[in-house]
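Chain nomenclature is as follows: A, B and C, assigned in order of appearance, with residue numbering initiated at 1 for each chain independently.
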């Protein structure tokens, strides 16, 4: 048969990894990305990438990496793919090294490794504080090479709208929108790989990039693809609240002695330095005298939430607490934390040597995602998924520096599997449903463009973000989640009256955003309802009413499917593959 | 601080051939406000300072952490990243204009794909044999890594090209960013294998010779990449390559 | 590739303009011409500038010394060929190609008033001024009026008469400053762009070297101009004896043969001639 034609949607690490594998195997790729692929969200990753290379003489093994990952994920991840990922990780690092990633080095010229959360081993390779950027660039360069050879065609500035699914339920291509000319087009393919990242935008402000809306995942979810473990959302304890987004502040600030506090009195508006020691509430140190400010991430995140939302002690009445480094001398700070303090100063305009930083937990990562089998294929034949947009590698909580390796491994896995699938695919009958899908999309577009009403999509989005952040992040109460779900229903209804202030047919960002928003709203119910149904606490999912993990009932993957009714998605549960490591209690206050 | 406001003047242009008009906006000041958050505010409430309804601003943005390179624009006349431009540090009214050296798409959005094409023309990649497991990469000593890492931090924002007096349609100059990438890949143990190709490419029309060494690039670079050093080093190598080619020719 | 299109019910879809073209990798000849421009600025033009300023320095010693220097230069072997190959043609090329470079740059020092950017602009304007000045200077001093190659002794007198006009004097002074700047900064640029000074510190240090050297050249040049206009050598003779056999021009020799102690006055008004005689 002819050269398989694969569409990859998303040009982050996972997407590019898949593209490289397909091009290398002789396939032909159309790569779709909203932004030029070099600007994908993967650039934001800082810390590093895990691989048990054992170059520090610690006896680290891929099994240890596997165990740490499963344990960190509170045993919710299927063990077979995680084991494969951990075993492949050292070779992935070698490959990236060969591709020219400027990893930090030992004096002997070998890769340097550092330690990260959730492990006792120095297992994290890193390139300064911009590892994700460096990795993405390395893959981007390889893809550019294939592009020069004509094996890859990039559609940058195109947004994926939907999959084209034929009468037998097999994916045959996609529809996409040119964000400049607003042209709607159908593209045929033998297989599609979605590598469309996280869903941060559903939470309004997050550490994610602007394009991380989850719109593509939601679109295929609405076309019948299962969405798994949607309720598992990682919230990082220390991010820098900004007017436009939340920026990450590394854990190392606390490692170097940073102290987290708020004024004891609500509404105390004095500048930080004028508040005497006795009127400061160092809540982490008071509540957790043993670990103090260095309690594990989820504990710190929950504590900060409690201070702000339950005790009402947020700074200036806002959702913020101090992360104070001012008691440490400038020289030490610059030597050990220079880079991140510079970022804080640049974006906040305040010198953290002099004034305490204002931080707050920030929505950071989506553990859940499109359900895929061990070959990275979703429940619709021909639609594959890789990277943060699928659910497979992190269980209930992701370990630091595991995201980059899971993205690349997922892409490397999805690419060849998609090729193999495409080779044995029966020929398409007729247009495979392209015309019908195109007509459906054209109708949606027309309706949206001409819609009458008074709702502004950006304001609806803010309301969604506020309610999701309040009820569906750190601490979850069924009552709050129900409120959030009802709010989403309300927003879905108000969306019907959305009125675009921009009716132009050229680079209309409001139009594109409104389409994303609709998808965000539909997808967000998998989070709220998935969380309502999971009456336990596991990893990042914490319910004070159900503080314990309940393996008997919930050692299961949540699978949501779209119904199109106002009740929301339908849920079913699937057993977790635990064939290698028997689940055990997860606690970080002692050696596991 | 209750009623403090921020004044913006934004250059609007609905399409590449449409007329450019200035629109004024007055927004409520908020602590930590940056240019991006102001434009988000306008999107949520698209009304000009004189109360006229308008459309949300079209602009490029993504990470908002000055690492993706999307949101470069001219702010009070100077090319810089909108995400790291804090309102409190800017003179008002804050004037926003698109980059002037790149074809306009709409409002503050321009087409900067020329940089990616240039990177392709100079083969800015390490030609690995394949992605299968071939063992460890070449040894790279920390000293070498410390030279390469800053060059590898280029976020493709194109500020260096925008501020360069030589980067324009007459010269077709390739710009500092691409030259720095040539320096990076020529310095890599494996990337080196394409060194001659890259140097010859840079001697083509629009190549490194068009640099006027005004050094604006290095001043404007938000990532402090040693661009002028790279231009000097690569300049020498290109001359060496041309001489070698001539003598061997 | 596309399997279906939505029928375009849109009369006009805008097109993004083309913008700056991507690199013409390895194509064209602009590299060699640009590098030739750069190189000619150093050798031979820069070298000639230094020679010229050193030669002019002789003016400080007076009309006779100056005349001798002009005589010496004009008696180098193959001097006419050297003059064309190493001075006029390179100057013409450097000047015209330089204007071409200037025309294609888009100065933006208004928005980016940074030191390097000012120097970039200054290099272009000083270059332009140099072209105008040198064209005038070569035309008037080399090809018009007294033919100095044949009358080297008249050099001082000729320059002095030229500089008697305050506007022309000002032009000379400004041009001298501009050219010395253009040369000094040009050398610095050459070192930077040819990769001789690839580091911040080396460029900074070499900047001092070029700056000091430029000021020395400029000082010497301005001192020479001063020599022509100062009271010390006021009313220099048109044709001083250079004091050695064969220093006279052919015409002079003819004239001497005709009138043993006479000097032929070819141009200039009678009073000047009288002054010139008195000076002798």
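The rule is simple: contacts are C-beta pairs under 8 Å (C-beta built on N, C-alpha and C of every residue); 3 or more make two chains touch, one makes a residue touch a chain.
Fair warning: this is a prediction, and the values are worked out from it, not measured in the lab.
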Innermost chain, where centres are averages of C-alpha coordinates: B
Chain pair showing more contacts of the two, A-C and B-C: B-C
Rounded Å distance, subunit A centre to subunit B centre (Cα mean): 27
Centroid distance [mean C-alpha coordinates] between subunit C and subunit A, Å: 65
Distance between the centres, which are taken as Cα means, of subunit C and subunit B, whole angstrom: 39
Interface hub residues of subunit B, defined as touching at least two other chains: 15, 105
Shared-contact residues (touching 2 or more other chains) in subunit A: 180, 506
Two or more partner chains touched - positions in subunit C: 14, 16
Subunit B residues touching subunit C - in the complex, by the definition given at the top: 15-18, 74, 77-78, 101-105, 111, 114, 117-118, 121-122, 161, 163, 165-174, 178, 200-207, 209-216, 219-220, 226, 228-229, 231-239, 242
Interface residues, subunit B side, partner subunit A - complex: 14-15, 30-34, 36-37, 40, 43-46, 53-56, 58-70, 83-84, 86, 88-89, 105-107, 109, 112-113, 116, 119-120, 123-128, 130-131, 133-142, 144-145, 148-149, 152-153, 155-156, 185, 188, 190-191
Subunit A - residues contacting subunit C, complex: 30, 153, 173, 180-181, 183-188, 431-432, 434-435, 438, 442, 505-506
Residues of subunit C defined as touching subunit B within the complex: 14-32, 34-35, 101, 103-108, 111-112, 114-117, 119-120, 123, 189, 192-200, 203
Touching residues on subunit C, where the partner in the complex is subunit A: 1-6, 10, 13-14, 16
